[in-house]
Every structure is written in structure tokens, then in C-alpha cells.
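Comments concern the structure below.
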Amino acid sequence: MTMPAVEHLAILPILLPLAVGAFMLLFDERRRLFKMSLSLATVLALLAVAITLFVMVNTPSDERWSTMFVYPLGNWPPPFGIVLVVDRLAALMLLLTAVLGSATLLFAMARWHNAGPRFYTLFLLLLMGLNGAFLTGDLFNLFVFFEILLAASYGLVLHGSGTARVRAGLHYIPINLIASSLFLIGVSLIYGVTGTLNMADLSRVVPTLAPQSRVLMEAGAAVLGIAFLVKAGMWPLSFWLPTTYAAACAPVAAMFAIMTKVGIYVIMRLFLLCFGDEAGASEDFGGLWLYYGGMATIAFGGIGVLASQSMQRLGGYAVLVSSGTLLAAIGTGNSAVISGALYYLATSTLAISAYFLLVELIERGQAAGADVLAVTLEIFGDPEEDIADEDEEVGVAIPATIAVLGGAFVACTALLAGLPPLSGFIAKFAMLSAVMNEAGDIDAAHWAFVALVVASGLATLIAMTRNGIRTLWMPAENEIPRVRAIEAIPIGALLFLCATMTVMGGPTMRYMESTAQILYWPSEYAREVLGTKPAGAAPAGQPATGGAP
Amino acid sequence: MSEAPDLPLWAALLVSFFIVVGALVTLIGSIGLWRLPDFYARLHAPSLGATLGTGSILIGSMICFSVLQSRPLVHEVLIALFVTITTPVTLMLLARASVYRDRIEGNPGPPEQDPEPTEL
Amino acid sequence: MMEMILSIGIGVFAASGVWLILRPRTYQVIIGLSLISYAVNLFIFSMGRVRIDAPPILQPDVPGDPAALADPIPQALVLTAIVIGFAMTALFLVVLLAARGRTGTDHVDGREPE
Amino acid sequence: MSDGTLLLVALVLPFLGSLLAGFLPTHARNAAAVLAGSVSLVGVAIIVWLYAAVADDGPVRLWLAWLPMLGLDFTLRLDGLAWLFAILIFGIGALVVLYARYYMSPEDPVPRFFSFLLAFMGSMVGVVVSGNMVQLVFFWELTSLFSFLLIGYWHHTTAARDGARMALIVTASGGLCLLVGVLLLGRIVGSYDVDQILASGDLLRDSSLYVPALVLILLGAFTKSAQFPFHFWLPHAMAAPTPVSAYLHSATMVKAGIFLLMRLWPVMAGTDAWFYIVVPAGLITLLLGAFAAIFQQDLKGLLAYSTISHLGLITLLLGLGSPLAAVAAIFHTLNHAIFKASLFMAAGIIDHETGTRDLRKLSGLYRYMPFTATLAMVAAAAMAGVPLLNGFISKEMFFAEAVADHTGSLLDDSLPYWATLAGVFSVTYSLRFILGVFFGPPPVGLPHRPHEPAHWMRFPIELLVLICLLIGIVPGLTVGPVLATAVQGLLNATAPYYSLALWHGFTLPLLMSFIALAGGVVLYAALRRYLDSGIEGPPVLRELKGQRIFEKVLVTLSWQWARAAEAALGTRRLQPQMRIVVGLAVVAALAPFLAGGAVGTGTLPGTPVAPAFALLWAVGIACALSAAYQAKYHRFAALVLVGGSGLVTVITFIWLSAPDLAVTQLLVEIVTTVLLLLGLRWLPKRIENVYPNRPPLKVLIRRYADFTIACSLGGLMAFLSYCLMTRPLPESVSRFFVERAYSEGGGRNIVNVILVDFRGFDTMGEIVVLCLAALTVFALLRRFRPAPESIESPEQQRIQNAYDEAAPDRRPGDTATDDMLIPRLIMHWLFPVIAVLAVYLFMRGHDLPGGGFAAGITLSIAFVVQYMASGTRWVEDHLRVLPLRWMGLGLLTSAATGVGSWWFGYPFLTSHFQYVELPFIGKMPTASALLFDLGVFLLVVGATVLILIALAHQSLRSSRAAQAAEGGE
Amino acid sequence: MSAMILGWSITAAQVLLAFAMAFAALRFIRGPRAQDRIIGLDTFYVNAMLMLLTLGIRSGTTLYFEAALIIGLLGFVGTVALAKFLMRGEVIE
Amino acid sequence: MTALKRVLPYPLLFLALLAMWLLLMQSLSPGQILLGTIVAFGGCWLMVALDPPPTGLRRPVAAMRLAGRVFVDVFRSNVAVGSIILGSDERRTHAGFMSLRLDLTNRYGLAILAIVMTCTPGTQWVHYDPASRVLMLHVLDLVDEKQWARIIKQRYESLLMEIFE
């Protein structure tokens, strides 16, 4: 019995970008068209793979448990070998990555790919890192994929060089290096106590730990948590984030929209796997920290959104708001909130990505120095005088470009502020309604969460209106930005997806609900992962007695 | 301290002798590094460890493993060879660099001009 | 006890490294990162406990006995960590050089404090 | 088509129209107007068609599953109340479209205008026909969004931008409150469905969450309906084109809040909380609006404040909680929509034809546009509550309700006086509107010479005024049935008895009406002088400008405080961030100990100390500490010291049975030293200590803090590692590897088998990281720009070159060549030697310490040695290294090895090994893992060489740059 | 008996070597000049190599040989780089 | 001879690398010899790229004699330097620089001489100027310059010239 060919799909999200990225290293930088088409084909293939996996985990088959399948690398049985696990959550994240990857790569092909050497390889390897982090079921392998995606992100942040990017890299890199060190400390401590690196196995071991070992294991998990929270952008570990995102070139920043989500994803996965309902004495370890930390992050993100002068920086803070919301939602430990949070995760990722792409187009026409916000005008400007000046009340025919950009900007605003008609509203509604419909009284912490989510939406609205008016509505002496179709299409596609998520809210939310339910059932996850048997008889040279001792 | 391999007594004594002597010579060289008054004098100190110290310990090692595995094991020769070949590179460059630096800074030590060649 | 010495060593390396990464000059930071990576590597390594004369290398034709050999997993992890650490040192070095070139200073913020 | 579907069509049609209009060419004014008009008229037709169903069979419903799990389904529900609002929205919408066709200038991008207008219309219909409260909020926020776009239509003016922004922020924040309120409603009732909510009045009012829900919902309603203290946005929304004002501020936008109050009236009204919040808000709004309206100099400003005042009146009526008051409210809503729309349009015509709306400039227009003047006068009279006009009847009802007893409180008892006063004010501003614009001397200095507008522009006003008259004269015949249906919808119960008759005899309300009329005339006369003086705004409240306060608060809160808070709660400097990350890690790691109890050291007997080991670590510690001490002022020393620490680490690895680690660490150590040295050249000269004596206290404190943080993390790591090292190993996955490394992995070096087989995937990832680092280094260095002062070659080289130049028989560079003469020779011959060592390490890796990585680093050191010996140019003339190709090949080799197992039907990276009988050599183990390791080797060589060489090339580049600069001079 | 003799002498040699390393380290910690530090490090490397050899002898395996060999052959690379930097201000010209 | 050169450019290097391989592998099995041959062969061809100056090793016997002399001298000078290090402060004050003109010009010969100078503690090669053929040395115990010059020229240089020229 050999492995069904279709199961090799699980490795493709990692292997494909790796192979193509490596292949492109063999060719000179001058062969742009070749590399361009190859990369585009790759991301589209990744999209196809992600969609297939997404459909597969949703199609129950007789043999396997309906919602996941496990790929034992090297044919070594878990928990010994490294496994890839495709479950609903992983499939969702893969799909998001593929969507973002396709959109931003297309966008980058208009001009950004020229800004530095080997862009495509860096980009594809970033996708590899992201996909690997979402797929792997092994704690140390997760570290490796984190490093891949971080290393790629370092390269991409610096892509195009320039003082701002270098300066941002100067903060981004050492902070993440420290976080990586913490990651290693945490992982090794966990290994030292539990003797395993497999996440499913870990969830099995955690409840059985002796009290002192448990404390040590929790210390490891806490250090690990800090590492993830740096990446997820929790206050006060996230000051690097807005600067970095603002400095990165647009397609990179847009792709980075999912970088914080990797941290969130891992926290969600590990937190629920190791400290879920079945974790015995360690149940809900760190939940409160996530909850309050998340709320602090929302608050700080909201403040930052308001305080941002540049649109990119605003986007960076919007990322923080989104992270904070997700962290706090995870911290509630309520599966209904989590399903809303998953919906929110998808929405906010798409929205922020679209926003970063959009901002670059909008600001392309801006005269230098237009970044300084005309807030003083708001206080000291005299509307009456203005009317006198501008007595001819005839609208300016704005070129279609601006109109389209403006429309997209409004859509992004609605998404980020959580206003109708796009999916941002439903996402917030889903989370808030879950929080408010929890059994028992609505306590102060829950009220605070609700208030913060609402207030952050308002802050986003205020700040984005201010910025949007400044850039799109002020009488323009700026040139009309030249936008190519392959730059507009990705933005449109991302926003269209958000619209689809609104209209198809029912099925989407059902998917998120079942995803959340599975997350709350770690023993089933562990059973499925650890029950995986190596494929068939061992290859020549291996005795046929493979399998766990 | 009993984890050491079990050798015949003669071999043990021989090995012990060589490694202790080697270590001692090395130590003396390193002490020289500390005690000698200026940089140029200190340049001579590491050679002790790199030559006699290394050689002695390598001989000890060769004896030990040859006896242990009952066949001549002389791969340590390589280490001796490599150390011998590579040590001058560093020391020559270092000596030259130091002369430059001292001359630029006007430190006492190296003569202002290269000394006249000593004629026999 | 060897354990005590090793753990103190790890602690001092880590502390020195942390002290350096909290300093204002990029070069201090990169030196600090090197020290921290030593400390972290040793820390990972120490999770396999202290074993003397038991390298995880099998004798020919002798079946492997976990009790007789040092735990190979932490060692494998350290190896990966060393490589990644090296890569990151190189990368950060170049970034700090680029920052120094572009901003004219070697301060970690890319500008001299007032 | 079922009624429900028709309703859906009516809702969707405006949005479709909006989309369509958006795609029309910029100046397709007629097409856009026809499109918008048709949509509105079809809407009217559908709603009219549905009247029978609503009146006879109760609400028309449509249900579509949307988000059933969240209790949010797409539900349409058209009852009498919604019907009344819907007809207003579509009807007045149609008239506004017609009016706007003439009002808007041909230069305006009108399709955009109609597109927004239609979208707004759809949202507004959505609000009134929503059968689900969340869906209502959904459309509610859409109205905010589209009204923002409409108000900001002329966004090249500051007024439009500010007005639009303010309207959006105020109403959308209200909308957010409303959302939370609705969520609370849902929690209390267990459903967001309007029918269910309307059926759960008692449950709702008895809930402990009633008051919070009420407050939040009222916040939504009050902001939308411009109730005090949120009224200030409305006058500034007048910056919108007049058709927008006519639409938004008569029948739609502001009425959404009223609609909401009415929608929830049956279940939320009637409590003390309701009364004491809604009535005062309405009353203050009523009086304040009316009072302010008197003193406006802008025609639209006057109408805006009057709108505020009327909205206050309606709110007040709803606040009273009596069914009759609710009837009056709904009736006045209708009446106000009709006369206010016509008044706005009239004001627009005046503006359009004269070029100004300033009451100080306008005068005596009657003789230029008598027809329009008459229409405006009738509408204004309706606003003033003159008998025989619709405003009169609802105002009568209001007075009657003011007189009636509701709670018996002081507020309740004082209502008649307030009501009369408001009546007085409304008569005054109506008079001012009529007399100020149409009578008096002929105007002077108008931008245009006024004349009657195009007939079709006036037509909407004609129609509306006609309706005013019809309702005013024969209310029972005209509006009676509609009102009855609406009332039933509002009350969700049978309506109380009420009379729409004009004459109820000599009643107190009638008296109040007359007092109001007379008082209004008197007040107008009394204020004449003040008003003519041209001062803007009411005497006392003039200085109190809502917008200024709002902007000031907004700027303070959302900008200044936000900036301050961002700075206080965040930082853009690296050091504090590092402190926080490390500090929090320590705290996080200690937290479990605080919660879970102290953890002692383990039970494992300690390993006896080797004195040399202790001594060695003393040295290592000294190195680390000195490195920390020296790194700032003595970079070179720090580099050497770190090398010392590294070597101690290497020996420790050997000592503690990890030869592979030692080998790898050692090689990396060497390369890192070279690397850092390559970088050292570009760093600035270190200036001497800025604090030669004692640093200032601040600096000292910071240093102590850093010291503490450093020690705590160090202590923590020491503690944790000690804890673990003194505990027995848990039953770990290692056993599997140890037992199978040889039998199934084909290697004796377990660590290497793990790296290339059991966990080969990690290794693949690790080389990708190395590849990425190299690529980034390469990319960054391609754009490297050294600091000006480090461009010229180092001092040593300059001195040596100068010496060479001075000597007659020497050429620059000779000194370097001489100095390197012998080292270079030795280093050349070491090249193949090191390469052989690399091959050795590679071949033995699977069984003994070594492996692809070690071999790769070794080979790259061989290259670097050549570069050091002979310089970049020389080496590259002799050796052609294409590191990027090596890297690509390496990655591909590793990946291909992994893929190979697919061929046999096994997962990625499944290894395969067997003993091969080779001639002469004998049995040789060949493992696919070796091929994988080859990939690692190739990549490592490529990446390491690329990094080192890219750095080394900078010297070449900068020396070229320096020469170029010299040549240029 | 012989194991004990050997054991003690190895321990003694290791202590001697550790002291040797300490002296070398003292030199590169103290300086005073950069060249002093380099020579200290160079010596440190050689001493470390010898230490590895004694460890190999004690464990009776040749597994630690590679590490010593690498120091022997490549240990000089780092110090040469340092020396070259001192001499020319640049490692690779 | 030229045919051999074309196939195997550096026979001595080849032998050395083969020996190194066999030493490393601690084996003389045919398989390892074959493998070593391949590796050594590759190593030689690597060397071609660097194009070193031709070697002129002529007298193996002289080389052996030199090795013997160096071995003895190394031993002797180790003792001498060791006694200086451990001796009184006064003994450490005789260090100094000296120069001497060499007749040896072959670079390999010079390299060997440098190695010898370094190996024997007490003398340190500082600088050699190929134009004037003057070698500057640092000597730890510089009591009599002439004696040092004599040792170098007679004990080493003459043998080296015999070997290489």
C-alpha cells in the first residue's frame, strides 16, 4: 500500500514555492519575463492547491475523519517524525496566504519587482515559510518555518533599500531575533520536560505532567508565548510593527498583513491544543493574559490609528487593532467568539492587504511633503471664509482613476472600521454577539471588550476619513496617479472577496464555526495525528516493522 | 577520574608523560604570553605550545589510540603538520602589522628604520 | 557539579548578551546577539542533560541504547539553531552596515539621540 | 411575483441603479436623472401597490437565510409605519431627482451624484423595511456612509468636507452605539427579529439590561435625528447641494432616528427612563433649534435649525409615551417631510437664481419670482402651523399632548408653556423667511438677476404644496387611512381614538396656537432691528458654535491626545522595545512559578566536577563579561573576546558529548569572525566616552535597569537549565531515533541521521533560511552606500601606498604584495587541502561528526582564505564562483531528493538506503540522505561565499568610487 | 591502576591546559594593543585544540579528532583575518 | 613528463592529498585508495586554477636533513625560551630586532624558512623585502646578532638553497 497521490498535495504549498524559487536562482536577473510568468504560474498553482485542500477538508470521506489529514514526512510515524497536518484551520490559512500571495505578486509585477534583486525568490520563499508554519504539526519545525518567513520578510522589508526601510529593518530584525531566541528557549524547555516536539503528542502529555514538571512546562510555554506575541503584535511588544509595515514597499506590506496572523494562528492552535478544556491543571493557562493583552493592543492600535500621519503607518496600526481583537477573542476561550474571530481574521487580513496596496496607488500622485496632515486647518480654518472664496460651487470632474481609488478607499474604511456593507461589519457583529450572549452576566471585562472593539472601529473611521479626505478630496495640485490594470485588479479582487464573504455569510460562518469546534477538541486532533501510520511496507533497506514502538 | 581508557601500564605511563609534558610546555608558553614585557617578545611564546606542546600531546594521543585499537593510528600527524604550516602565517602578519602600527604611532619598540643587515 | 557550572555559564552569557542588546550602538547589539545565541544553544543543549563520554554515535554493529548515549535531539536542534543564528548574524551585520552608510550613524535608532 | 419579492425589488433597485449610474459618463446628466427618476417612480409604484396588502393583511414579509447561526437573517418587513416612511423616501426621492436635474450644473459630474443619491435611497429603504434589528443597523450605517458622500459631493470646498466628515463621525458613532444596543436587545429577547422583539415588551422593560440598551439605542437615534446635544452636525451638512438637503433633512436621513424611536416605541417607551431621557432631549432640541433658526442669516441655515426644532418636537412627542402623542408624532413626521422638502427646494431655487442664500442680501424677490414666492409662503405657513395647512393639524395635536397629563412631574406640567414658546419661535422664523426674502426693497448686489426657474424645477414644490393644502384642508380624506395604517404599525396594536378634524371647538390647544401666532408676529417685530444688523447667530448662543466645539474636541481627543498617548504608551526607539521584550519574557516565565508553586532542583545526582572544566568556564565567563564591557569603545577587542567565548562553547560541546555541535560551532565561529571583520571597516570611528567622569543620574538609572534586566534573564536561564539538568530525562522520542538510526536511517551518527533523515525537513528549512539571508545580504549590498568618511581606503593602506609612491623603484601596492608574499604562498597551497577536508567531512557525516553543513562551511572557508591572500580581483580572475547557482542547485537537489520518494509511493523525504557492492571498494552504504546532504553542502557553500564575497566587494566598489572622485577633482 | 594513572595525568594535563588558556585569555582580555589580543586568541585556539585532544584520549574514541583537526587547519583563518585587518585595515582587498 | 603534467599537474600535491585522505580515513583499503585518488586528483585540478609558481624540489635527502635539524632546534629553543619565560626579569630584556641579507630567493624556500623561524621559539620572522633580499627578524635573546645570523644562514639557508635552487 502506497500513499494516495492526492495526499502529496499537503506538501505542495511548501515544496512548490521552494522549488520554483530555487530554480529561479539559476537564472540571471535579466530574464524578467520568464521569472515573472513562472512566479505567477506558481502562485496560481498554490491558489489551486489551497482551494483543493480547502475543499478536501470539507468533504468527508469514509476512511478518514472528515476534517483533516496528516502527512508524515519521511514516512516516519508521528510523534517521531515531522508531520504536516491539514485541518480546517490550516486550510483556511493556506487559502488566505494563497489569495494574498496571488494578489500582491500581481501587484508587484507592475513595478515593485524591479526595486531590488531576486524579488521573486524572496517572495516565493516567504510563501513557503507561511505555508509551512500553517501546516506543520511539530513545534521545532514551526520554529524553522518561522525563521524562513522571517528571513524572507527581512529581505522583503529591505526590498528596494532606502533609508526608511533600512532604519525599519534595524529595529525589526533584532527584535525578531530576540523573539526567535525566546522561541528556542521555550521549545527546548518544553522538550526537556515532556520529551516530545509533536504538538498533538504534547497535548496528550500536558495533562499527565507531575506538578513541578507542569510548572516548568508552563514556563516554557510562557516564554514561547512571548515569542509568538511579538510576532502577533501584542502591546507592548509591537512598537516595531507600524514602522516596519510603513517602511515596506506596498506589495510587501500587503503580504505582511498575514504575518501577524501567523503568530495569532500559532497561539490559537497551541493555546487550545495544550491549554484547552482537556488540559487538566493547566487549563486556560495564559488565557487572561491574552484577553487583557489583546484589549490593551486594541486600545493602543486605536490610538495609533488616530495618531498616524501617514497612511501606511495607519495601516500598521490597523494591523495592531486586528491583532488585539483576535488575541482578546482567543482569550475569551469561547468557541462562538473564536468562530467570529476566525471570520474576522480572514476579513481583516484581506482588508489590510487591500488597504496597503491601495495606499501606494493613492500616494503615488502625492506631491512630496503632502504627508503632513492638515489638522491645524481643522481647528483654525474658517469655513465661512472658504465659502466666500469658493463661490463657484461646481464639482470637479475627478478622473475615473481617482473615483475608483476613492471607491476602494471607502470600501477599505468600511472594512477596517467594521461598518457595513462589507464583511468587517459581520465580523465584528459575530464576535460581539458571541461575547454578549455568553451565559451569565456580562461582566466588566466583556463590556470593556465590546467598548474597545466599538471604539477602535470609531477611531479607524475618524482617522481614515481624515486621511481619505486629505488625499482624495483636497483640491489637487497633485498629478493623477498612473495606475496599471494589474495594480487595480488585485485590490478589486480582495475587496470582492470581502463582499462575497458578506453575501455568502452563512456558509462562511458555518465553516468558521466548525473550525472553531474542532479547535476545542484537542483529543480528537491528537488521536487523528498520532494514529497516522507510515505508508506501506518500508522501502528497501528498512525493516518492515515500521511504526511506533 | 576513572573513565580513562584501560591501557597497558607502560602505555599509560608513556601517554601520561607525553600529555603532561605537552600541557606543561604549553602552559609555560602561555605564561610567557602573560609575563613577557612587550608585544614582540610575546610573539615568541605561542610557539612553545604550537610546537613542542602540540607535538608531545599528539604523540601521547598516537600511542594511546594505537595501543587501544591495536593498529598504528597516526592521523594526528595531520594536526601537527597543519599547525606547523599555518602558525607562521598569523605570526608573520601580526609582527609586520605591529611594526607598522608602532611606527605610525611613534611607539618605542621597533626601530624607526629596518636595522642594517648583519654581515657575517 | 558540572550542571551548576554549565548553568552559571549559560546565565552569564545570556546576561552579557542581553546587556549588550540593550545598548545604543549597533555593533554592541550584534555582539550581544552572538553571545545570546551561544547561551541559547547551550541552553537547548542542556535540555539533553549533562552526559560525558557518550556522544550519540553508534558503535558499528552495536544496537543503539538510549541510556548509553547522549540525547541526540537537543543536539540536532542546536545544529539547526547554530546555522540559523549564523545566517541571521550575517544578515543583521549587513543591515547595520547599510544603516550606518545611509544614516551616517551607528546608533540603533538610525539617528543620534539629542 | 409575491409581495415579499416585490419588496425586495424595491430595496435592490436603487442599489442597482446606483451601480449603473456610477458607470455612466461624467456628463450624462439626463441619462442619470432619468435612471434615478425611474428607479424612484418604480419604488413608489411598488410601495403603493403593496398598500392594500399592508392595510388588509398586516406586514408584508420576506425571509432569506443569511447568517442563521448568529440570528441574522435577511428579513424584510413592511408594516404600516414602514410603508409611510417608504412612500416618503421614494416619493420625495422622485421629486428631488426631478429638481436636481435642473438644479445641478452641467459641469457637475452628475452621474456620481445620482449614484450616491440612489444608494442612499436604497439604504434608507433598507432601514425602514428591515425585519431584523441587526440588518436595520446594517442599513443605518449605510445611510451614514452615503450621506457622507452626498454632503461631501462638492468636496473641493472646505465646508463640504468638514460638514460631511462631521455628519459621518457623529452619525456613525451613534450607529455603533446602536449596534451594541441592538446586541443587548438580542441578548434580552433572544432574537434580533423585529416581530419577536415587538412581542417581548415586558421581558425587555423588566430586564436589568433595559437601561443600558435604551441609552445606547437612544444615542443612535439622537445622533441621527440631530437631537441636542448632537444637533450641531446638521446645519453644517447644508454645505451639500440643496437637493441633498431637501432629501436628507426632510424625509430621510434625519427621520431614520425618528423611525427607530417609533419602531421600538411599543416595547421601550412608557418607562420613566424613557420619559426622562427622551422628553428633555426633545424639548431642548425643539426650543434651541427654533430659537437658533430665528437668527440665521443663511437661508438653508434657517431651514436646518428649523428642522432640528421639528425633530425635537417629534422626539418630544414620542417621549411622552402616550399612544396619542405617538399618533401626533407620526403625523408631524409626514407633514414636516412635505413642507420642509418644498422649503428646501424653494431655498435652492432662490440660491440658484440669485446666486446667494444670504438673508442680508436677499429682499423683495416677490416681484421677480411671484410664483415661487407664493409656493414658499404657503410651505412656510405650514411650517408655522397656520390653519388650513397640514402643519397646523399636527401642531394642534402636539399642543393637545403637551397639555395632557403624562407623568405629573414638573417637566410634564411645564410642557404647555414650552410648547407655546416653541410655537412662537417657529412663527417668528417662518415670518422671517417669508418677509426677509420676498418682501421689502428690491435686492442690491445680487450675483445674478433673479427670475422664475424652469417650470419642471418648480414642479416638485408645486406638488408638495398642493399636498400640504390637501392634508391641511381635508385631512381625513387624504391622509386618514394611511395614517391609520402607520399608527397601527407603530403601536403594534389597535390605534386609540383620534380625530383629524380641523375644528375641535375652542380648546386650550387652539388658544395656544393663537398665542403662538400672535406672539411670533410680535417677536419678529421686536427682533427686526437685531436681525437686520446682520449679526450671524442668536444673541446669547452665538459664541457657542457646535462645530468649533466638536472640532476642538475631536482634534484634542483624536489627534493631540492620541499623539500624546501614542508617545506615552509606545516608543519608536529600539532600546525600550528590547527592554520590554526581555523583561516580559522574564515575567512570563516566572508567572507559572508564582501560580504553581516553587520548583526545586531535581533529584538527579550531579556529575562530578572536572576542575579544568570549571576553570575553562571561568575563562568563558570572563570573556563574555569583558566583551560586554568592551563592545562600545573597543570593537576589535569585543570581537576577539566573543571568539574566546565561542571557543569555550566549542570545548563544552566536546566535553559533554556533542562532537557534531563542536565542529559546526567552530566552523561558524571562524566564518563569523571574518564576517564581522569585513563589516568593521565600515563602522564609524568610535568617539571617546561622552561621560568622561561620572555619567548623569538618568543614564546611571538606565544602566542599572538594563543591568537588572540582563541579570534577571541570565538568572532565569541559569535557573531553568539547572532545574532541567538535575531532573531525569522524560520518556522521550529520542529512543526511537537511537534505536533506528542505523537500522532504518543507515547512519551511525544519530545526530546526522536526524538532520538528514528523521528531521530532514528541518534541515531543508534551515538551508532555506541561509539562502534567504544570503539573498538579502546580496540585495542590500548591491545598493550599499557607505558613509562618506568610510569611502576612502583605510589609513594603513594610504600610508603604505604613500610610501610606495615616494620610493622611486616601487609602485603602489608593492608593500602589500611584499608583506603577503609568503603567507600568500602558504594560503594558496592550503586551498586543495581544505577542500579535501571538506570532502572528508561530507563523506563521513552520516557516520561520524561532520555532514553537509560542516563541509560546506569548510569549503567556503577555503575560498575565503584565497580572497584574503590575494584580494578579490586576483581570485576572481582565477576562480569563477557563481554562488547563486550553487545555492539554486543546492536547494533543488535537496528538494528533488525529497520528491524522489514519490516515485515509490512514499511521502516527501522518505529516505532510501542500501549497501551497494562496488568493484574494489566493497560494500558501501548509499543513502538518499547523502544526496540530500549534498544539496545542503552546495547551498551552504553558495550562501556563505555569497555573503562574504558580497561584503568584500564593497571595498572594491568604494575604492573605485574614491578614485572616480579623485579623478573628477 | 593504569587507568587511574592515565586518568589523573589527563586531569592534570587538562588543568594545566586550562591554566594555559586562562593566561592566553588574560592576554586578550587585557590587551593592551590589538596585536596582543590577536596573539592571545591564536594561542587560545592552539590550547583549545590540545584540550580537545586530551578529551579524546580520556574518552578513548577518535570522535573528537575532527574538531581538533579543524582547529589545526582552519583555526588560523580567524586570526589571520584579524591580523590582516590590523595590517591593511581591511580583510579582503 | 609533460603528458603526466597535463593529466596530473602537481604530482607531489597529489601524493600529499592522497596521504592526507588515507590518514583521515585511517584506512588503506583499496576502496579508500580509489576514493582518495579521485579526491586528490580533484584537489590538484583545483590548484591549477590558482596557478602557483613552479616548485623545484630537488634533494629529498637534504630535506630530511633539514627536518632533522629543525626537530633538534625546536626542542632546544623550546627549552631556551621556556627558561627565559620562567627566569628572572632581567633575562627577558635582551629582545631586539635584527636584519640579515639572504641569498635564498626561491619563494618556497623562503616559506620553509619562515616556517622554521616560527617553529623555533626565540626567532620571529618580521619582514622580508624581496627587492633588497633583506630579512628582518625579532629575536628574543639577542645577545649576539652575528651568532643568530650564522645559525640561520648556515644551518637553514644553505640547506634550503640546496633543496630549491
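Going in written order, the chains are labelled A, B, C, D, E and F, and every chain counts its residues from 1.
Please note the rule applied: contacts are C-beta pairs under 8 Å (C-beta built on N, C-alpha and C of every residue); 3 or more make two chains touch, one makes a residue touch a chain.
Which protein is which chain? UniProt says A = Monovalent cation/H+ antiporter subunit D; B = Na(+)/H(+) antiporter subunit G; C = Na(+)/H(+) antiporter subunit C1; D = Na(+)/H(+) antiporter subunit A; E = Na(+)/H(+) antiporter subunit F; F = Na(+)/H(+) antiporter subunit E1.
Remember, it's a predicted structure, so these values are computed and weren't measured experimentally.
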Other chains in touch with both chain B and chain D: E, F
Maximum centroid distance from chain D, chain identifier (CA atoms): F
Chain whose Cα centroid lies at the greatest distance from that of chain A: F
Nearest-to-centre chain - CA centroid comparison: A
Chain centre separation in whole Å, for chain F relative to chain D (CA means): 73
Whole-Å gap between the CA centroids of chain A and chain C: 29
Chain A-chain F separation of Cα centroids, rounded to whole Å: 62
Intercentroid distance (Cα basis), chain B paired with chain A, Å: 57
Residues of chain E touching at least two other chains: 11, 14, 17, 19, 21-22, 34, 38, 40, 58-59, 62-63, 69, 73, 75, 80, 84, 86-87
Set of chain A residues in contact with two or more other chains: 140, 144, 147, 151, 154, 158, 161, 166, 170-171, 174, 178, 185, 189, 191-192, 197
Junction residues of chain F - those touching two or more other chains: 20, 24, 26, 114, 125, 127, 129
Inter-chain touch pairs (all): A-C, A-D, B-D, B-E, B-F, C-D, C-E, D-E, D-F
Contacting residues of chain D [partner chain F, same complex]: 809-810, 818-819, 821-822, 825-826, 828-829, 831-833, 835-837, 839-840, 843, 866, 878-879, 918, 920-922, 924
Chain E-facing residues of chain D, complex: 610-613, 615-616, 618-619, 622-623, 626, 634, 636-637, 639-641, 643-644, 647, 650-651, 654-655, 659, 662-663, 666-667, 669-670, 673-674, 677-678, 680-681, 793-797, 800, 816, 819, 823, 827, 830, 833-834, 837, 841, 844, 848-850, 858, 861, 864-865, 867-868, 871-872, 948, 951-952, 955
Complex contact set, residues of chain E against chain C: 58-59, 61, 63
Residues of chain B defined as touching chain E within the complex: 1-9, 11-13, 15-17, 19-20, 22-24, 26-27, 29-31, 33-34, 39, 42-43, 45-46, 49-50, 53-54, 57-58, 60-61, 64-65, 68, 73, 75-76, 78-80, 82-83, 86-87, 89-91, 93-94, 96-98, 100-101
Touching residues on chain C, where the partner in the complex is chain A: 21, 26, 29, 33, 36-37, 40, 43-44, 46-48, 73-74, 77, 80-81, 84, 87-88, 91-92, 95-96, 98-99, 102-103, 108-110
